[in-house]
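In the two complexes below, chain A is the common chain; its partner is chain B in one and chain C in the other.
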Partner chain A sequence: MSTTVQGRPAAVTAAAAAPGGRSRGPARARWAAVAFVAPAWLYVAGFYLYPLASSIRMGFQDYTVSSFYTGVAPYVGWDNYSKVLHDSHFGRTVLNTVVFTAGSLVFQFALGLALAVFFNRRFPLGGPLRSLLLVPWLLPLVVSGTAWRWILDTDSGVLNHALLQLHLIGHPVPWLASTHDALTAVTLVNIWVGIPFNMVILYGGLQSIPGELYEAAALDGAGGWQRFRHITLPLLRPVTAVVLTLGLIYTVKVFDVIMILTQGGPAGSSQTLTTFAYNLSFQQLEFGRGAAVGNLLIVVAVVFAVVYLRATREQRQAGR
Partner chain B sequence: MSRLLRTSRLFRPAARPGTLAALAAAGALTLAACGTGSGAGGSGGAPDTLTEIDYYDAAPQNTQLPQILDECAARTGVKIKHQQVPRAQFMPKLLQQASARSLPDLALIDNPDLQQLAATGGLVSLSRAGLSTEGLYPSIVQAGQYQGQTYGIAPGVNGLALYYNTDLFTQAGLKPPTTWDELTADARKLTRGSRYGVAFSAVGTEEGTFQFEPFFWTAGASLKALDSPQAVQALTLWKDLVGSGSASKSVVTWTQADVNDQFMAGNAAMMVNGPWQLPTLNADKKLHFGVVPIPIPGPGAKPVTPLGGEVWTVGHSNAAREAKAVAVVKCLLGHDESATWSKDAGYIPSNQRAAAQLAASDPQLAAFVQEVGTAKARTTELGTDYPKVSQALADAIQAALAGGTSPEKALSQAQSAARN
Partner chain C sequence: MLFPLYWMLNASLLPSTDLVKSSPTWIPLHGTLQGYRRALSSQGSHLLVSLGVSAGTVVLVLLIAVPAAYGLAQLRAPGGRLLTFAFLIAQMIPGVVMANSFYTAASKLHLLDSPLALILADSTLCVPFAVLVLQAAMRGVPAELSEAAVLDGASRLRTLLSVILPVSRNAVVTASLFSFLFAWADFLFAVTLTTRDDRAPVTVGIYRFIGAHLSDWNSVMATGIIASLPAAVLLVVAQRYVAAGVTSGAVKD
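== the complex of A and B ==
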């Protein structure tokens, strides 16, 4: 990554800014631009590119505990990847990740949108109530995760207690203690965590929709649902794209919620790719395989990040 | 809150969440590899200050250890910079330091991790440095060895036994169980309302494996063949306890600290746990309990429990620092020091004679001392392969208890995963 390469676009911007400004030597302007850009590039190189490159390299190595001390880790080609793909947990883990991500996204978005529409109308105490809904977002995940562990406890959890009192269930549901329910439970908690984010962004989007449109539609005889369907949804589309793509990237890499609630268990039933990578690296001390799973996750995140960047660019161009 | 968050010194839940994103973990570790030394230990400098690291973050051990360290440091003529790291971050931290070639001068590490760390080459051979392991339990000596050299020596050890609530047993007119059949029968009789007969930890980490091993080994199973009939027998015992409702379904989420909380709250009449819980249990004056060895499958069998406890290690630096660190370890292992430490922290002295004296004077510890004599170090059978097999076994336990998989199937899957 040589500075000359970065110098060029920077110089272009500098040159573009030059007309109207004082005349300066192009070389000096270029050096100044480089000096401004260099810290950012050094930061990115040191804290993003280097670890990323190391992680990719580690995925091709048989990296053991002693590699940390000796620095020697034999190159094993695609061995780590093939072992991970043939791991008996892998299929289940990928499926869990998909279910967890899709479930979280759909419900976070739907509930976030419903709340945003609700709070978009003016009513007494609307402001304070809306702020209260931000609490899940503000709490450290360790705190809310621990609270959820109590709530979801089989024997003494308040959720089972309430459901039993309401006669909705016959006997306590082992939310976190059964391979059938654990994934549902962690997804529910993650939805709860994600609603505020969706609500805030969508609320902002709603605020920018002109009120006259609704008035005009109402005059034309459009009902509530029709106004929502034909005004709110289409005009909210750009914001929706942002919320969903960011939500997807955030959800794919969720780690702490699952780690606190179930640690990926019981028996891997709530394991996603993130906890799987952690488990391989720090429980089984198979660092090469852990890195391989991490790299797969990076690929997934990058794919969606590119989709996101594309979408926003098209939007910007369409907006011009 | 602190109750649930607090976990035993021996183990912590698999991760301190939020701090280590798995995604970045591998990269971050490598980054540390080429960073400058983290300032802990390392070479050069006059050896007037030594660095020390451990994972005792719960009372009372977290205050007792620094105290005894300072005493030994003063006697050796050095100062000790003390550092505590949560259990889940302990190995990653040590590995980071190993890659920066700055392992701490002194580290108190869990005995099943010793061989892994010794394999890095970063530890000083204590046998070559002249420390003796004479008079210590052979199993803990073995756990501290790698390729014929001693790299770690334990000041105290621990194991698992069966705690029982004496009030509940007297009310029900029962005697503490000695066999599996009695355990099952007593647990069923004592289950009433919101109270379960027995509690244990089947959490999906090394902690769950550690709790299962007394039953697994006592049945005659070996970690080399997870799918043996004896292993199936042991897992069936646990599955039946949960299946019949004598133990909570939540055992798959409980750490040993959670199990202790359940027992103290009266939600369980019996529990499987270690001696390090004694200081906490004894602090509750309304709780009356007794401790007996882990029940055995049939008369004649001997309980074989896994050996728990931490070992002192010395990291490579330079000759002068290493000599000082070895001197401190020697002091820590001294008769009086290790006896005081064991007594206050709820450990069994690793010196057999000191242990016998303690057992005679303290009936609470008698069951543990009796078991430590036949206890087995977890790395004996497998060495550095242990973490992988332990994980496979933990998965099998969970699949059987929480997933409706038969013990046979769960264990045969574990065996093929362990061999992978």
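== the complex of A and C ==
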């Protein structure tokens, strides 16, 4: 953004054009700026830093329901962590988290990209249809989760009915009630939830690819698939990196979908680290152990946050 | 993609007996509004709680985010980059970690079951998003505009309210709509911070309702439809804001 100095009154110009430009104005102006952002700083301290610090501290405390009454929560070192790591469900939970996250990401991305490519060709009603597809993303997850629970119902669910009619299955599949299928079912629903987000961001990426490139390639005799492989995919790479890392960060902490559909069950077969942390804290009332699992999640989130920030920086550099 | 939504609408209109038949009824020819009647009578108070909490969240978020965005974008407040970075990172803290801490804090402050606790907790989902959206919009406002106002003798607060805010109206609408939606859809904070059933927002209302009336899909789905109304209204009335919101790096967890 370029601002012209021309015609600006002298007093203002002097202040704005002071050496170094930014924030070198009169002290009063600087204090005014500080006053405007001060509430936000207090907010960050009170609503992000404090919870973060208190979660880290609770991870080292034996914080149980009695702590709320007595105010006593003895420090126990790494005890919570070792209990969690030796929990018989822990291995399964980590594996579930990996399968759930990887499965969601791959299919959300593939289907989102397919839809984005589809809508990138102009056709009548394309715009309204595209925004209609956003509905699943805007609905409260509790609502769409409930709708899916009805669709996946063993006896009266429409999915089983359709599969039986097509003779793809011989007996109704207990999607949410069997230890064998519950993880597949929750992953499926989470894929459905995430497609619109992928579609919108990737569509934005496609729009920024100049059409001449495709025309030139077509003149050179490149087919549709070749154009997709050699133009679309490489030029979409920065956006892809952002979508995938953001998707990863969000998917790792998915809570609503799993809680509504299976509550992590049956027998922990669809439990992920997020629902595990919730269960420890709010069902077993072992807040210290819940915090320990939560802190492990933070570590995962921070790692991907770094990857994300790298990716966006690269994208910004590539874009300019 | 849209079939589950149709199926929910369909089920909300069908009498419960049709819903457990061995072959599904595809079109609600013999529809009934029974489910909606029951939904409103059992979830009406939850809907009111959600409405209050969501509206309160919007107000709180704007109170924090508007001045911050102004300070960052127009006044170039010192430490601005660090603050923006803090908000970027804040969005990545898993909700379950926040819920754990908020629960203990709310319990100490005797704020459990209070709408205030929910407003405060829900605002953490929206403030970073609102600051980023507003900041981007306010950066586009030419400096001449506010300088002219200052020359006319307006204070900075006055400049913000009567010059900057009107021109960045679209961003304010986007931030408000999404804050409302995030708070309306929140389930994690709602289920952890409300223990009394009569104080619960509609997301928890539905959750407990399914638990208790597993076979009564008709009224469960009717509740779902009613709880989706804000999103539906938003999509029809404010389409362009929605697209703007999603593409400006929107968050949903």
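To be clear about the criterion, the second predicted complex is superposed on the first by the 278 of 320 C-alpha atoms of A that agree within 3 Å, B and C clash if a C-alpha of one lies under 4 Å from a C-alpha of the other, contacts with A are read in each partner's own complex, and residues count from 1 in each chain.
In this section, a residue touches a chain if its C-beta (ideal position, glycine included) is under 8 Å from a C-beta of that chain, and two chains touch if they have at least 3 such contacts.
Because the structure is a prediction, the values reported are computed rather than measured.
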item	value
Combined model on chain A where chain B meets chain C, clash or fit	clash
Comparing the two partners chain B and chain C, which touches a greater set of residues in chain A	C
Partner chain in contact with A:155 - chain B first, chain C second, else both or neither	both
Partner chain(s) touched by A:192 [first = chain B, second = chain C, both, neither]	second
First, second, both or neither for A:66, with chain B first and chain C second	first
Partner chain in contact with A:217 - chain B first, chain C second, else both or neither	neither
Touching partner for A:231 - first (chain B), second (chain C), both, neither	neither
Partner chain in contact with A:281 - chain B first, chain C second, else both or neither	both
First, second, both or neither for A:297, with chain B first and chain C second	both
Touching partner for A:269 - first (chain B), second (chain C), both, neither	first
Touching partner for A:146 - first (chain B), second (chain C), both, neither	both
From 40-48, 94-102 or 274-282, the chain B stretch with C-alpha clashes against chain C	94-102
Residues of chain A that lie at the interface with chain B and also at the interface with chain C	47, 50-52, 54-55, 58, 68, 140-142, 146, 149-150, 155-156, 253, 255-256, 259-260, 274, 277-278, 281-282, 287, 290-291, 294, 297-298
Of chain C, residues touching chain A in the complex	1-2, 4-5, 7-8, 11, 19-24, 63-65, 67-68, 70-72, 75-80, 83, 86-90, 92-105, 107-108, 120, 123-124, 127, 131, 139-140, 142-144, 147, 150-151, 156, 160, 181, 184-185, 187-188, 191-192, 203, 206-207, 210, 217, 220-221, 224, 227-228, 231-232, 234-235, 239, 242-243, 246-247, 249-253
Residue numbers on chain A that touch chain B, as the complex places them	47, 50-52, 54-55, 57-58, 64-66, 68-71, 83, 86-89, 140-142, 145-146, 149-150, 153-156, 174, 176-180, 182, 253, 255-257, 259-260, 262-269, 274-279, 281-287, 290-291, 293-294, 297-298
Interface residues, chain A side, partner chain C - complex	1, 3, 8-9, 12, 16, 22-23, 29-30, 32-37, 39-41, 43-44, 47-48, 50-52, 54-55, 58, 63, 68, 131-144, 146-151, 155-156, 158, 161, 192, 195-197, 200-201, 204, 246, 249-250, 252-256, 259-260, 274, 277-278, 281-282, 287, 290-291, 294-295, 297-298, 301-302, 304-305, 308-309
Complex interface listing, chain B residues touching chain A	1, 4-5, 13-15, 17-18, 20-31, 33, 88, 91-92, 95-96, 98-99, 101, 116-117, 119-122, 194, 203-206, 248-253, 267, 384, 387-388, 391, 395-396, 398-399, 401-405, 410, 413, 416-417, 420
